[in-house]
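Read through the structures below before going on.
The same chain A turns up in both complexes below, where it pairs with chain B and then with chain C.
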Partner chain A sequence: MMSFNNISLSSIVWKQYQYKQKSYVGMYMSLMVLQLIAILISIEGTLYTGETTDVFTLNMHHYSADVAFFFTVIWGGISATLLTTKGYWVENFMFVTNRLSNHLANIMLLTTVSIVGGITALLTKYVNVVMHYMLRDEPIIQISTLESSELIAGVLAMILYILFACAIGYVYGIILQWNRFIAIVIPVLLVGLNFGLGYIGLYATMYDFYLQETSFLLFIIKVLVTITGLFGLAIVLSNRKEELK
Partner chain B sequence: MEAIVCEGLTKKQKQLTTLKEVSFSIPENTIVGVVGRNGAGKTTLLKILAGLWRASAGNVHVLGENPFNSLYVSTNTIYISNEMVLPNSLSLSVLLTEAGRFYPRWNDDLARRLVEYFGFRGNDLYTQLSTGKRNTFNAIIGLSSRCPITIFDEPTTGMDQAVRNDFYRALLKDYLQVPRTILLSSHHLEEVEELLEAVLLLDRGKKQLYLPMDDVKHEAVGLTGRTEMVYTYTQAKTVFYRESIGMDTTYTVIKANQVDMEKAKQLGIQVTPVSASDFCVYLTRAGKGAIDDVFQ
Partner chain C sequence: MGVLAYLPLLILLLFVAIIFGVLKLSKHRFRHYHQYVKFIFLGYVSLLLIAAGISIFVPYNEVVKSDAKKTDIFLNNYFAGDRHWQDVDSSYQQKQWEFSVSSNQPLHIVSPDGGMDVYVERTGDLQNKIDIRYFQSPHFINGINVMQFIEEDVFPIVTFQDSQLTIREPKSIEKNFYTIQSELPFKQFSEESNLSDGAFRDGERILLIRASEDIELKPDGNITYINQ
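And then the complex of A and B:
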């Protein structure tokens, strides 16, 4: 008699994760292209002021990773939604897997791309500064107001925002696969509510809740709990579907 | 031990019932052919067995477990079909390595030798392959995985005759080396009948027959003779198929154990064997009529 192999969830998740890292390399490519565009857009700095006196000319360029960051957040959401579309979904079930292991591997993948996206988004700022060094003749006085601890907090926050967007995109993608009607109603409702409530209420509260949080630790907890909830919802919702592929 | 057991398996997809009360069991280490016409429910059945689709009603046990969403069944099963989607970002050689990481019994040596034999280049991309080539590559993955339950859903689609023959031969050789349960669905029963130990024939979602291959071959015989004689002789017998050939001659297929050779000979009726493939076609004909009736 043949013996059968039993395999643990964690080892399958890990194998799936490694496989996805390789097979979804296109995700990283699109990230690179987007961030290059972001660099080009912010080549002059997002804020530019010039001041001229008799003796010298002072040009102030304010470089930030804002554009790259914005692009990366959008990219995260879209990439996560794409993972749940039919083409990718079938691909997800090619080798050994079940629903849970597939979701867990996807979440690990999205976490990784968020980390990579967050760090590279921040680095685009320095690419702009370096380009300025190389392309211009004028002497440069660089003033950075950030301490290293603030920088780390900044990157961490960026990563969390991207992952947040990923989680929203992922849940939305799952809803889209599960029930087209609800998937269309949700954005309509969200926009409708916005007008209906006249910019107060829900959105202001959400804005305050996530974006105006002054305690960094509290911010991390809030966002992490929300992300976990969203991914959890995705897992529960996809269990209602009859087919894996 | 039974590798696969189905009891009253039913699958509803929207309004359509694609499988109706299908019951059978497949013992370990056998090659079973799943045949039937287009839309008979072959793919539905195989996907349920592979754990990709959930049964609507009835019981399914693969290796003693409900296959749907089961990691254990997924590890020990591979489902090869022409719907497979493999990433474009990895070369064929890397794909083999990746597939090998998932299947505990994967034979990498065999995979590489087959890939070379069938004329693939290691750095080719999957999506650039033709349909036949793609299915050949899928089949190589299926063979090399050496899963205790290997399911081939019309694996030879688009393959040329030489590759088909090679594939069947490779399948048989590898099966003899490493016995496992193999399910093979095909439209060409005559091509695979040498391989198969049993045949499961589906017709419009129902199990039409499930018999050992030898029995299928001897299940029916063909009678050719004068129409009048044949009609008289086949009265009260199980007639599978009837066709008139020429002015006054009829060909009728009936159950083999109902034929008395001596009597048939006396009536001037010629008795001929019916191939398994033809028998299956006769069993699953849409109605009483034939394509000729469409043109009348």
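And then the complex of A and C:
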């Protein structure tokens, strides 16, 4: 029997998003496991600087959430790739759905986990601070408290970096489903160019373009345009796939 | 190419294994799995929030990070160069000693070899006295002037007995510092991003001995005379 109900795209996407939030709850579990590992690694500080002179040896330990942030970025990329694997893909056909609504729900899910991942990664630093006071007597040196605008910019940048990794992972996952040969060639080329040919301008250009951008507005524009482009590419590529393949 | 070059790949594989393993576990969907994970994750977030709350009340030593280049001063220029030590910023003079001496007896000066430079100035404004001053310029590690935490520990030990002035280096100390720092995305849009080049600078340690011109000096160790 056919249904004549008109269902809007937004309501389908919202329902799918809600379903995915429950169904892919394991993503949050893996995020937690990796961040706990990051906390353990950072017990003695994320970074260490040592200096010795004739009269003193100074060991400087720095607490920051950089390890947790780095782990979360990698987690975002890998989780997004896994979202496109066959097992997850097939589940989408339990719904009245099309590829676009599925992609939009996935993008919403990845945005949500990026926000959660970014905020929780930042908070891991404080677990190390509290553990420091439980284990040691030395006070912690607080360096240059941030302005509120710098704080907001930093949190947003953290979330955008994770979402950026998600977008890369997602498009890579779609390529993997679309053409496995190309999907294998891409990382081999990227790693091979790095190890085999040594320095190439691509990495330095990428680094300068995103990580060295000090204007927050320009950074947002660059990253959002790239993320949109990557998700757009994923949608276009998946349209070339056969259904359920 | 060392094994370390492959470390990122190994870490990546480990990550894939962990994430894949946890996600695979979720597929088993044992009873109330969704509720169970939700409960654990909320517990984790609560732990993070409690830690963040407690960290507001723990004591911190607040330090402002500064650019070492901006306080770039070469103390030696004021002693061995074209400038005069009296022009040195008074905050760099850390300690002063004065001893009474007799002009009839020669003054033996025993000074250490090492990182501290010892200068001697002959002056006419001191009568039967020697004036000793210790100067120390800031020592920056990661933009932090660490001297503020260890200054007295690195002061030289100066003693005077039986016409002998003995200068010794203090016993070497080892200290651990723990700092709380901003993450990379925070540094990217703050002033801290510009500090990386000027974050390190070795401090200079100088001891100045001022003695009357009529006292005979017998140095034992490396000393440099000013204006001679």
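Quick note on the criterion: the second predicted complex is superposed on the first by the 206 of 245 C-alpha atoms of A that agree within 3 Å, B and C clash if a C-alpha of one lies under 4 Å from a C-alpha of the other, contacts with A are read in each partner's own complex, and residues count from 1 in each chain.
Methods note: contacts are C-beta pairs under 8 Å (C-beta built on N, C-alpha and C of every residue); 3 or more make two chains touch, one makes a residue touch a chain.
None of the values given here were measured: they were computed from a predicted structure.
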| Which holds for A:184: it touches chain B only (first), chain C only (second), both, or neither? | neither
Open item on the list: Is A:74 touching anything from chain B or chain C once the two structures are fitted on A? First, second, both or neither.
Closed with: second
Of chain B and chain C, the partner touching more residues of chain A is C
- Query: Between chain B (first) and chain C (second), which does A:218 come into contact with in this model arrangement: first, second, both, or neither?
  - Reply: neither
Practice prompt. Considering only touches as defined above, state whether A:60 meets chain B (first), chain C (second), both or neither.
Written response: second
Q.
Quick check on the superposed pair: does A:19 touch chain B, chain C, both, or neither? Answer first, second, both or neither.
A. first
Which partner does A:9 reach: the first (chain B), the second (chain C), both, or neither? first
Requested in this report: Please work out whether A:98 is in contact with chain B alone, chain C alone, both, or neither, and reply first, second, both or neither.
Outcome: first
The intersection of the chain A residues contacting chain B with those contacting chain C is 22, 24-26, 87
Chain A contacts chain C in the complex at 22, 24-30, 32-37, 45-47, 49, 51, 53-66, 69, 71, 74-75, 78-79, 82, 87, 120, 122-127, 129-130, 132-133, 136, 138-147, 150-151, 153-154, 157-158, 161, 191, 195, 211-216, 219
Chain B residues touching chain A in their complex are 1, 28-29, 51-54, 63, 68-72, 74-76, 83-87, 89-90, 94, 98-99, 101-105, 148, 179-180
Chain A contacts chain B in the complex at 1-2, 4-7, 9, 12, 15, 18-19, 22-26, 87, 90-91, 93-101, 242-245
Interface with chain A, chain C side, in the complex: residues 1, 5, 9, 11-12, 15-16, 18-20, 22-23, 25-27, 33-34, 37-38, 40-41, 44-45, 47-49, 51-52, 54-55, 58-65, 114-116, 139, 141-144, 146, 150, 153-154, 169-170, 172-186, 188-193, 202, 205
